[in-house]
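One chain, chain A, appears in both complexes that follow, with chain B as partner in the first and chain C in the second.
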Partner chain A sequence: MLRFGQFVITRFFLAIVTLLTVSFIVFTLMEMVPANCAERYLSYKSFQGGQISAEDIAAEERRLGLDKPYVIRWASWVGNVFFKGDFGDSCILRVSINQLLGQKFLISLGLCLTALILAYSIAIPAGIMSASSSNPYLNNSIRFVSYLGLAMPNFLLALMIMLLSTVLFGDSLTGLFSKEFRDAAWSWARVRDFMSRAWLPVFILGWSATAFALQTVRALMADENGKLYVTAARARGLSGRQLLMRYPARHALAPIINSLGFDLNRVFNELPIVALILVLTESGALLIEALARSNDQQLAGAIIFLLTASIVTLNFITDILLALIDPRIWKSIMGGG
Partner chain B sequence: MAETASTALSDEAALAEQKRKEAYFSAGQLQLIWARFKKNRSAMVGGIVLLALVSMGVFAPFLSPYDPTIAGRDKTYQNGAPQIPYFWDQNGFSVRPFIYSYSRTRSAASNFRWVTSVDKDKRRYLELFVSGWEYHVIDLSLDLPGDFFDIDIQFLKSTTHLFGVTEGQIHLFGTDSPGKDIFSRTLHAIYTSLAVGTIGVFIAFVLALVIGGLSGYYGGWIDAVLQMITDAIRTVPAIPLFMALAAFLPDEWSAELRFLFISIILGLIGWPTLARRVRTHLLTERSQDYVLAAQLCGASPGHVIRRHLLPSFTSYIIVDLVISFPYMVLSETALSFIGLGLKDPVNSLGVMLQNVTKADVLLNYQWYFIPVIFFMALVLAFVFVGDGLRDAADPYASTKK
Partner chain C sequence: MTLKKLGLLPLAGLALVMLQAGTATEALAAPCPAITVASDQGIAGAYPQQFELAEFEKLANCTLTFSENPSIGKLNGMIVGNTSLPPLAERLPDEPLVVAPYDSIGKYGGVFDMISNNTEAGTSDLLSVRHVNLVRFSDDLTTIVPNIAKGWEWNDDFTQLTFFLRKGHKWSDGAPFTADDIVFWYHSLNMDKNIFEKPKSFMLAGGKPWKVEALDPQTVRFTTEVPYPGLLSHFASHYAQAFQPKHFLGQFHPDINPDADKVAKAAGFESGYEMLLFYYGSSDWTDVPSPMLRDPSKLPKLPANIQPSLESFITVSDTTEGRHYVANPYFFMVDTAGNQLPYIDEQDEVYINENEVRILKAINGEFDYKYQSLTLPDAPILMDNQEKGGYTIELIPPISSSVIGINVTSADEEKRKVFSNIKFRQAMTLAMNRDEINEVAYYGLGKPVQYTGFSPVPEFVDPKWENYLIKYDPAQAKSLLDEIGVVDKDGDGFRDLLNGSKLVVNIQYATQGIPGTVVELIAQHWNDVGIKTIFKEVTPDEYRSAQSANELDVMMWTTSQPLAIHLGNNDLFLPPFNTYFSMTNGLLWKQYIDSNGENGLKPPQFVNDLKDGINELQAAVAGTPESNAAVNKLVSNMAENLLFFGIILAPGPVYHRNALKNFPTFKTASYEFYRTYPYRGPQWYLDE
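After this line comes the complex of A and B, so read on.
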């Protein structure tokens, strides 16, 4: 058990190091952007009719701590994020980023995870079936669906659904809440309203995730099915579901769990665009808002960091989960036999 | 007599068989891949479609009858429906395909939409090789800030276009609201999207070769550090990061400069997957017996890399490049679609897709969706060819199944 604890701790530190690296990269990129926060904010102000001098900018820079060296600013940013969970203030909007993101980020994370779960709950049975059956119609139709998922990017699908529903039902199905619930406090009615609208983004986000997952599961199962131990089991008289569940499906499970993190990454990629089309007001759309409207580097950095952090967390969890359920990995950690 | 004939025949067959085997055993890697690729029907179809689309993109100025920019707009046919050429109608058959003349009116009765009435008795015939707007067959010019950086490669000035029509203009895919020809725009969009993809893939490829190569060749702590950075970048969701970078392109930049930067950004973010593959190839190949054999024979490291390692995986790298191409195109499209990538004077598939976001389009101007079909065909063709190449490049693919 001690060794397992060691394993968990090493993995944990690796995850932290990855996050630090990511935060450094994100911070550097945000830094490379021309004009810093002070200039940006003041030019935004001057746009509204004020006069700005160079001294104003310098004073604002001092106030925001922008005159300090780059590495120190990064360290204080990371320190605040890691120890206080505080992303600081948004550059243009001048409100706390935590407040701005808070619930929105959780909702979008929830949407993405649900989409992922949906994708795998379709892809695993369908993939196993298509890899193990010799029915050409089934195989071809599953192949067709997965190619369609690749060629029809989510944003196109979202667009089509939205346009069609506007034309057919007169309701564009956009937004996560109806008008009357948009700013209401959480209540049972609001949850119900949310559910009645959230299925669409979940479906759209899950669409190409399902296509990808289907291909992965199918390829893995096809690989395992051809192996000798499956033939041996078959020779012993096992067949059908019993055989599949007991041997190849178990082996194929490990790489699938391993790939979850990257699948989440893919879903996150789709999120902002789908969010934009469906006019969801969660972090994906907020990111576009932050970028396109106001060039808000702090907010953008915080969102990218949060997205990456959830992927790193998922990777960490799947690593631990794999060690627990896969005896091969378990043994290699515990040493011996 | 009959016996000798049959032995001669079998001799011949054996000889042919031997020749076939010899050809197989002495074939280069690319030949083997091509032989396997040919057998894959869906990949071949994808390849043909891809070839057609790429040549449509490359020869876009020649194939498109009108200037895809605002300069080439047809003021008399804004938001016009596609004009399909016919060979015959109730007035009889014609060897030369023709389209009809039309007249357009708009009034309060039609909610100020243009109403087109077709005059079926007045035919306009298609012509080949008509002269039209001026273009360069080879045009790689780029207008960057500062005269020094301008790339100005233009050859073969020409005004000949594949087809046109005797009088007025022909719009195979209709026109958009300013009156630009959607057919011409689509062809140019394919070119732009492919060009962005090519530059992006090229940059990603160079970075991947250098970083993956260093990592795979030296191993040890260099490998560990580089791998950590690669993995860290791989966990960052690419599109939000693209957006973050693309949003900061100043608005006053020219379309070409934007185009170049979008490509560079795509390349800068796309390398980690490729780099990992290069490293894995290098690491697995490095420990192969043939490398050891070469080393035992006294070959220098440079010789081993050049003569043994590089040829062993160039084909795989090519395959990886093809596979990563559609993602570049998709990313460009997505970026332009949300308005952070290329912008309107440039014709790219993403810019074209931007036009279809209104319900008005679905109800009244369905031909705006034609570029969407081309976009899907392009991505699908790349995916099919990539999959086919990957299967063909894997020497164990046939034994596995």
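After this line comes the complex of A and C, so read on.
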């Protein structure tokens, strides 16, 4: 049991190191891009028509503390995050990031997790069916839908649905809330309004996630299906669903649980583009803004930090769960017997 | 969707207005004629399209009675910090501004839907709808007319400008607006080092601060050390409104209120300055985040959600998704029928930063007006759907257009020898086939022009300069290049540098400054006369950093300004001939001037002439022979020396829904006169 404790602590420590490393990489990469946040902010203003000089930029840099070396900026940022839970101010939006991200990150996470749940609740039964059935029509149609999901970019799907809805219903289906509820406090009506709009991003993200999961489940199942223990089980007289569920499916699904964190990351990566197209006001769209448009290190750092933290937490939990179920896992890492 | 929601309000409003108009007619012997711009009944005042109350009543021999928006009480209730409303007569100034609507007296009500890119991006065409300042450019874009100020007066040498304010004018919270608010804005905010580390250059004259003093509550005087006749047009065209509420922001300013820090601490701030900046945002832009966006958790302890304003609409909600506004119940304008403006109840702004989505929403008629961020390539699809979407697209010329320049002080000495030769630049502009560029990139809707620094080029200027060396003439270009010894020495089909090594003109461009197709065509044209030209698209940031490091052969961006702006701004005529965010040329000349001749390159005589020219222009009164002579000098000098080549002046689409009334055709679709400000947003109304 002591060893298991050690295993948990090691995992936890590694998770923190991963978080620190990721945030440092984000800061470093953004440092390499020409122009910083002060310049981007003033460039917004200049594009509006204001006359701005190089001295104005230098003054803005001093005001924002951008004249300090980035390692120092990163260190103080990380220090505040870990010790005070304070992400600081977004340099371009000039508001507190904690305020800004508050529920936005939860909405993003919710969208991604719902899309994942949707994906697996379709992919697992469909994948098992497809791998074990010999009906060519069923197989081919599942394959067709899933290849379509893999091959069609999400943004294209989003634009097509929006175009269709614009032509047919005169509503472009954008946003997460309708106008009445945009600024309202959470209430049952607001939740319903949110649901009536959130299905679209969940559907779009879910389709490609389903396609991906379907292919994985199908391949894993096909692998297991031919193995000797399945043949042996069949020889003992098992058949149909009983055989599938108790033998190949159980083995095929373990790697899928293990890759949940990875899947979450993949879905989250697709979220920003979909969010931009659908004008969703959640953190994926903010991430693109911060990374590509405004070079807002603090904001991008905060979103990526939160995302990494979610993935690392998810991995940590699945690791521990799997280790509890199957002691071979932690023993193989920590050594001993 | 909007239709359904707005259906009821205007009807109720109309009924009330009619009722009030009915009783007014019976009570008064001489009701005022509700004149409009379209039908002015021969009544013309000192300024186009608007009157002072006394002036209007005298001209029309009548007494104007006032009426208000029936929902104004409800709207006022949405402004957190406002108390209940006094009667209209106490809210209007004693001397309200009487506005003649363009086509008809409007109806109260409705929500004006709009989109921008982000809290502080792509917003100025919306900000300008509700904008006010001391004065305004009329829609002829030459006459300056009263706005917040009812009049002004210059001294003889243009060092003192005195404004007269309206008695009884009130901030949106009902507190009196006086000359002290202007002094406060200038001296306590813009000149306070705790707020602006360094004053903005447009807040200075000849590098020195102005002196702003309140002579009495309704009289304020601006004094500059050097003559500055452009100061008036500055206030007419600039985004910075020349006043801030001293009674409100002053509470947190330690120079105004000794207890400022105490007040701030009670509201949860470290210091008075911190609380002041929480409202003011260190900027005179009116789209900086308000306390509602900055930190909503602080709101319960604040006296108001946003500082009071004089604008036609007041922000009542501010989130990362958008903003919402309601009509200012204390707004100082009435129409010629005595109805307090604005007509529209509310404004709603949503942030959309994707062009495809913007276009989709436009086609659906999901917003009422836009032109910033709409570009000519979007025009065909927008125009195709006009009828279905219930909107109108007008193609309106801009002021600045894409311009390209050859680096005359290139860091590469061999290239510099060629680029700084005027004959090389003449050859390069002659080699450009502008008609082809117009057809291919601008659907033939634009007009080929040469760069003169002025746009529009004033009527008194000889039109030859706008057309200087823009006629496509590759033969002449080739012979000019032969003449200066830029010939093909190694037989590879392309001309070489004077020392025989290869000449490659390398264009880096950002699509924010110039369309890619235009660059492709220009490169092709230059290759055709034997100048090897290659091009590469970069981000605006990369472009700027390369430009300011003097690493470019060719500079490009959109530029040009109207005469009115040059009166108060000399950027386009002094090296590097524009600002950091635009295109520059002659960086080494600037270095020479800045270092008093120690570094850089000595500028040629024409650069000194440009400097003299702009100084003469700014010291003269616009419209006088001296001023016109200075303009002529600048135009011919700029055109002849070809620091920049003009390309095509092409129109941009202006979008408005057909339900939006009293919406005139814009003269230009541009920033320079502060966007929509000349076209009088407060008298627009929705007729659904």
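One rule holds for everything that comes next: the second predicted complex is superposed on the first by the 271 of 337 C-alpha atoms of A that agree within 3 Å, B and C clash if a C-alpha of one lies under 4 Å from a C-alpha of the other, contacts with A are read in each partner's own complex, and residues count from 1 in each chain.
What we mean here is this: contacts are C-beta pairs under 8 Å (C-beta built on N, C-alpha and C of every residue); 3 or more make two chains touch, one makes a residue touch a chain.
Note that the structure is a prediction, hence the values are computed from the model and not measured.
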| item | value |
| --- | --- |
| Partner chain(s) touched by A:Q99 [first = chain B, second = chain C, both, neither] | second |
| First, second, both or neither for A:I277, with chain B first and chain C second | both |
| Chain B versus chain C as contact partner of A:L163, first or second or both or neither | both |
| Partner chain(s) touched by A:N139 [first = chain B, second = chain C, both, neither] | neither |
| Partner chain(s) touched by A:G226 [first = chain B, second = chain C, both, neither] | first |
| Touching partner for A:N265 - first (chain B), second (chain C), both, neither | first |
| Partner chain(s) touched by A:T313 [first = chain B, second = chain C, both, neither] | neither |
| Shared contact residues on chain A - chain B and chain C | 33-34, 159, 163, 166, 172, 276-277, 295 |
| Contact set on chain B toward chain A in their complex | 228-229, 231-241, 243-248, 250, 330, 333-334, 337-340, 353, 356-357, 359, 361-363, 372, 376, 379-380, 383-384, 400-401 |
| Chain C residues within the chain A interface of the complex | 1, 118-124, 197-198, 200-202, 239, 281-282, 285, 288-289, 293-297, 317, 319-322, 324, 348, 350-354, 356-357, 360-361, 363-364, 366, 512, 539-542, 544-545, 548, 569, 571, 579-582, 671-672, 674 |
| Residues of chain A that touch chain B when the two form their complex | 17-18, 21-22, 25-26, 29-30, 33-34, 147, 150-153, 155-156, 159, 163-164, 166-167, 172, 222-223, 226, 261-262, 265, 268-273, 276-277, 284, 287-288, 291-292, 295, 297, 300-301, 303-304, 307-308, 311-312, 315 |
| Residue ranges of chain A in contact with chain C within the complex | 33-35, 39-57, 59, 62-63, 92-96, 99-100, 104, 159, 162-163, 166, 170-172, 174-175, 177, 179, 182-183, 276-277, 279, 281, 286, 289, 293, 295 |
